[in-house]
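Next up, some structures in structure tokens.
Shared chain: chain A. Partners: chain B in the first complex, chain C in the second.
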Partner chain A sequence: MERPPIEPLRTSRKLSFLDDQQLKDLQEATLQIMENTGVQFPSDKALDIFAEHGAIVDRVSQIVKIPRDLVIRAMGKVPRYFTLGARNPEFDLILQDGVSYFTNDGCGHNVVDFKTGEKRASTKKDVGMAARINDYLSSMAFSWTMVSAQDCGLTSPLHEIDVTWRNNTKHYQSVTMMGEKICRYGVEMATVLRGSEEELRSRPPLSLIVCTIAPLVQDKEAIEGALVLGEKGIPIVIMSMPTMGTTAPATYAGALAVGDAEVISATVLMQLANPGTPVFHSIFHAWADPRTAAYVGYPLDSRARYAPVEIAHHWGMPSLGGAFGTEASEPDSWRAAAEIATDPLMVALAGAEIVTGIGLRDTYTTLYPESFILDDDIYHSARFSLLDMDVNPETLAVDVIAAVKPGGHFLSQKHTRKNMRTSMVRGVSHQLDKMGKYRNPSEYARERIQWILDNHHPEPPPEDVQKEINTILKIADKELKS
Partner chain B sequence: MSEELYKKLMATVVDGEPEDAEAIAKEALEKNLDPLTCINKGLMPGIQKVGELFSTGEYYLPELIIGADAMQAALEILEPALVGGQKREIVGMVVMGTVEGDLHEIGKTLVGTMLTANGFKVVDIGADQSAEAFVNAIKEHEADIVGASALLTTTMLKQKKLIEALESAGLKDKVKVMVGGAPVTERYAQEIGADGYAEDAISAVDIAFRLMDAPA
Partner chain C sequence: MASITPDLLAFSTKNKREVLSQEQLELLKAGTYRILQDVGVKFPSKIALNIFSDHSADVDWDNQIVRLSPDLIDKALSTAPRSFVLGGREERFDLLLDGNHSYLSTDGCGTRVIDPETRQERSSRKEDVARMARICDALPLIGFFWPLVSAQDHGLTAPLHECHAGLTNTRKHVRGGTTVFPELAQFLVEMATVVSGSDEERRKRPPICANICGIAPLAHDEHGIESALVYAEAGIPMSFMAMPTMGSTAPATPWGALVAADAEVVSAMVLIQLAHPGAPVFHSIEVSLMHPRTGGYVTSVDYPFGRMTVQIGHNWNVPVLGGGGTSSDSKDIGWYSGSVTGMGAASIPAGGGEICGYLGMLDGSMLLYPEQIILDHELCYEIYKAYQKVEFNESDMAFDVIQSVGPGSHFLREKHTRKHIRDFPLSPITNEIYLGDERRPSREVALEEFNKINETHHPEPLPEEKLEELDRILAAADKEAENLQTGK
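Entry: the complex of A and B
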């Protein structure tokens, strides 16, 4: 069956919220934090690498202070653009200026069952379902672990890779792989899928996102896992999530400085270990509610929301922008749409190379399958908003206007017949029922999901590849679960 | 030979080609074809097909309107050529207009076209028409239904005036009144004594059929 092509957000326009001086000041703050305060790396492996390259390493506190010249040297090795390979070569993503590739949200742990409506813990099957829906949608350029395979125990990240590849032919970015052992298995699976280490390096079908721990701490398992992928040239996203008031200063600039120091210190490590490792920069800042300490992603004032994208570019790094993380718990409320409505437009104008992620509710935790379609609609609205307008004699239609005369109407015009079909593009909110009345968008979204699940079955990896992957999974299960 | 021309005539309506429709209607008359048969075997199946394609979602409004334009272009040639007591078969006769003081055309034009596509004969008297003009047209065309459109809260009051004028003229029991337009509601229609109200052109057709007591 025909699958729609990927339709990334493309624009030659740029929106800058930070001026050169602000970018310099932010970078200077990051350099000072790394040089004077330091970042904690609870990993002997990481500490050894830093020590070898002349950073000031305190083995007791595990805090590394990184001199600025070392930072600058290491950061010079980060590639600005590279390729994210896909199972299907047509879906390889070549990073470039003016193009933003989107994916779904992750990593949730609840699913509102599509058949029963029951809210329950997510399973491997749900990961496969989300991957299949992602594979069909043109808004989705690559795939993320949307929910976790909680029925698979410790090796769930590997089972998530397996079920994603069986249901999705785009690039897969794991949100859950942690630790050296799991990551070695992940790399092995990717090598089998790609056929050779050279192919794996030039068109990696897998990448990994790891999170730091604010303020200024790296996660041992995340860092050591990322180093394993770095050996093979597999792209890594380093994401920090500073929360203003609790894990970061309650001022936006201060929070970004903390988040940036976490991302840059980890990126420096990746470059010292394996120069040229592709790394994405990402800061998902949030606010702590000053009365409840609850995580707030969308307060009324979230000015310069995509400043982190500019910070990444200032370092010469590609950026992963965070979008669509509504706090609404319903799939289709005013809140679910209003909080995120401008996200895709703003993040594309800021120039983020990759962007997550549509479809979850309850601050990245709950999957309603129909939300995929509702958010996809908001995505396409942004995509159309960024397209150029056609102005030429045919579209100006001055002759048609003359023929209609003042007070007439255009419905009788052949020009109208030719253009009216395509001039209004129908989103989920303008679907008609048999009586010509607008349908309930959620009901339509559910039908679309049902249709995709019934009709879209992407080709799984070749049988011999799948067999090898199954063997790796069995060995991993045996070793890691025992 | 004649069958072929009926098919061509039908195609001009389905494809929405008013110039061709006019030319083929003339050709039919030159070849001494019966104008009524041209209407019944060429134009009517054509406009029915257009209605069908519209209701299945294949055709959009411009195809519907241009199809009706093509039919109208052919009718203007064929109808004057009807002889003796010949009359084309119609579901009902409708007089349609926008009330006095209101210049909005498009709503009632759409309703008129939808009705034409469904077998009604529609006389569109235009916008800004007085109650008197409506009454005269109803008498002249022996209308079964009158459709009065109003787009403004200030002009919708003229729909009530029209009904009062129909009562004075003794026409209220002879003609069914349909009202429509953005500010008009079902409740308002009932209050002023109208027989039918529809919020869009598609449902207006159902109402018109119901008023004619014919199957929709």
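Entry: the complex of A and C
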């Protein structure tokens, strides 16, 4: 069946929140933190790489201090643009200025079951369902691990890859793969899918996001897994999530400096180990509620929300920006809509190359399948607002206006009949019931999900490829679960 | 003791993002010239037709249609000021329409209200206008008070009572003028003069402005256009607003709707400049769509009309009422209204219109839920803050603190944290909404905020003698209206 093409947000216009001097000051802060305070790398492998390249390595505390010359030399190797390959070549994403590719949110652990309405832990089947919905929607340029396959134990990241590829033909970015062993299996699966190591390197169908631990610590499993992917030229996202007041200073600049130092120190490691490894920069800063210590993603004053995108570009790196997040726990409340709707326009204007966030609720933890459709609607609203205009005699319709004359109407004009139905792009909020009244958007969204699940069945990987992937999975289960 | 009205907050337009190229704007302008020259616009007013005729426009007296040459249009509009002031009760509430700031307006003008006490829907009344003026007085982002609903308990003089309710309940600028019987327009001017204190002050810092709507396609209202001439003579600024509906009163293509609307607005601005050169006017277009299946009125169309209309108005070198807006067709507060408010608020900085926002209404600007203005304002405030420039210095980067905490620890016990953790305000509407462990709906919290402002915010009133004078003017206007109705 026909699948809509990917429709990324495109704009030649740019927003900036920081001036050149501020960007320099922040970069200087990052360099100073890396040089004087250092970052902890609890991995002998990482420490060895740093030591070999002249960084100051304290083996006892596992803290690495990186001289600025070494940082600058390593950062010179990071590619500014590259390609994220897809199973279907039509969906390969070529990173470029002025284009933002979006995907769903991740990685939640709760699902509100589409049939029973019961809230429960997410499973491999849910990952497949989310991947299938993602595959159909034009707002989704690639796929993220939306929820985790909690029924698959230690090898769940590999099962998430498997079920995603069986249900989705776009690029897949894993949010959960960690550790050298798991990542080697992941690379093996990607190599099988692509057919050769060379193809894997030129059009990687898989990438990985790894998170740091604020303040100034890398995770052993995350960093060693990323190094495995780096060997094969598979793209990595390094994401820092500093929370002001708990894991970061309670000032915005201080939090950005800590977050940036975490991202850049990991990026330097990737470049020292495998020069030219494609890396995305990402900082998702948040606030600690001073009264409850709760995680707050959207306070009243979240000024310069997308300054991290500029920081990434200042380092010459592509950026992953987060949008669409909401702390609302309901799928379709005013608050969910309002918080979600403020972001996509801003993140696109800020120029983030890839953007995540569609479809989860309750601070990235809960999946209501219908939220996909509700958020997709907001996405397209932002996309339309950035589209170029088409002005020509047909659209200007001066002759039609002359024929109608002052005080007339356009109901009987051929021009009206021709254009009337394309003038209005009917969103989820404009669906009519039998009485001509607007329907409940959520109810309509559920129908759309049901339709996609009933009708959209993306072509799975070729049988022989799937067979080989199944074998890898079996071996991995045996080795890692025993 | 009177409440203090907070200082105004205005969006900067430095983040304005154009949608149209200059070439496209000129193409549209050429279309407007062509319509005005070849098709013409209907002015069902002898006063207006005489003015056009005196200035050599092509006047078809039988059909009341005026055709304007590009030369006459350009000559007339050359006297329209690019920048002027809309006055507040104090100078700190003045709005300088110069293209550098976007001031937020309320939406208007609806006919139905969810009563704040009974929560039942009913027709709007003057007391609703007065209440909303007080509420808006307390909201720092609202600089331009447009009566959100009409004073339907006052018959023909409803617009004068709306103006009165605005002027006596907020210290901000009031969109007090609209289409009325021309005989009543002078009373509005007198009310403005009383508030200003003199003719001179009224011209310099007019406390009210007017909005006059055209009748799409390409026609004006007799009373509207003659009221406008009264306002212009008194130096009261006015926006001409075209409201084309694609498919019924305008072509079914966005560009066709815009060019027809532009012709309507420009023809009225030309008339005003011919009659009163230099009179402050601003440009406004609100495009809607006829629902293809029901014929219903759809205002939330996925198209960047707001940003386009700002560019079109500015291309005529006049200020604009338009840009990003939070108003939706939703009949209740929920997903639909929230998504439109969020997207609308986010597009305000990119729009760059001098007056925009349209806060507070639902159901295609017809229905007022009290709490809606609080929700809209909250979202706009979040966007306002998100676009603020970050200022920081070396101490904000907290090197010493980071070094002392080091990798893997936490910042909870640091003095620096205690000093700064409250620097980031949390939204009383969307962040602090817990009751025990339960999240409270934003609208419930917003209604509480509304009620709190309603009970506690009472801005400093006008001096007693001015209030009495306004009452006398209203009584005279009511009498005149009675005469108009009885044909005396």
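What we mean here is this: the second predicted complex is superposed on the first by the 482 of 482 C-alpha atoms of A that agree within 3 Å, B and C clash if a C-alpha of one lies under 4 Å from a C-alpha of the other, contacts with A are read in each partner's own complex, and residues count from 1 in each chain.
By our rule, a contact is a pair of C-beta atoms (placed from the backbone, for glycine too) under 8 Å apart; a residue touches a chain by one contact, two chains touch by 3 or more.
Since we're looking at a predicted model, the values are computed, not measured.
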item: Touched partner set for A:345, first chain B, second chain C, both or neither; value: second
item: Which superposed partner A:296 touches (first chain B, second chain C, both, neither); value: second
item: Contacts of A:436 with chain B and chain C, given as first, second, both or neither; value: both
item: Partner chain in contact with A:385 - chain B first, chain C second, else both or neither; value: second
item: Which of chain B and chain C A:398 touches, first, second, both or neither; value: second
item: Dominant toucher of chain A (residue count), chain B or chain C; value: C
item: First (chain B), second (chain C), both or neither touched by A:182; value: neither
item: Partner chain in contact with A:409 - chain B first, chain C second, else both or neither; value: both
item: Chain B versus chain C as contact partner of A:420, first or second or both or neither; value: both
item: Footprint overlap on chain A, comparing chain B with chain C; value: 407-409, 411, 413, 416-417, 420-421, 436
item: Chain C-touching residues of chain A, taken from the complex the two chains share; value: 11, 13, 15, 17-19, 22, 25-26, 29, 32-33, 36-40, 63, 213, 215-217, 244-254, 257-258, 287-292, 296, 298-305, 307, 327-329, 332-343, 345-346, 349, 374, 377-378, 380-382, 384-387, 389-391, 394-398, 400-402, 404-411, 413, 415-421, 423-425, 427, 429-430, 432, 436, 438, 441-442
item: Interface residues, chain C side, partner chain A - complex; value: 15, 17-20, 24, 27-28, 31, 34-35, 38-42, 65, 215, 217-219, 246-256, 259-260, 263, 289-294, 296, 298, 300-304, 307-308, 329-331, 333-343, 345-347, 350, 375, 378-379, 381-383, 385-390, 392, 394, 396-399, 401-403, 405-412, 414, 416-417, 419-427, 430-432, 434, 439, 441-443
item: Chain A-touching residues of chain B, taken from the complex the two chains share; value: 16, 60-63, 65-66, 69, 103, 105-106, 109-110, 127, 200, 202-203
item: In the complex with chain B, residue positions of chain A that touch it; value: 407-409, 411-414, 416-417, 420-421, 435-436
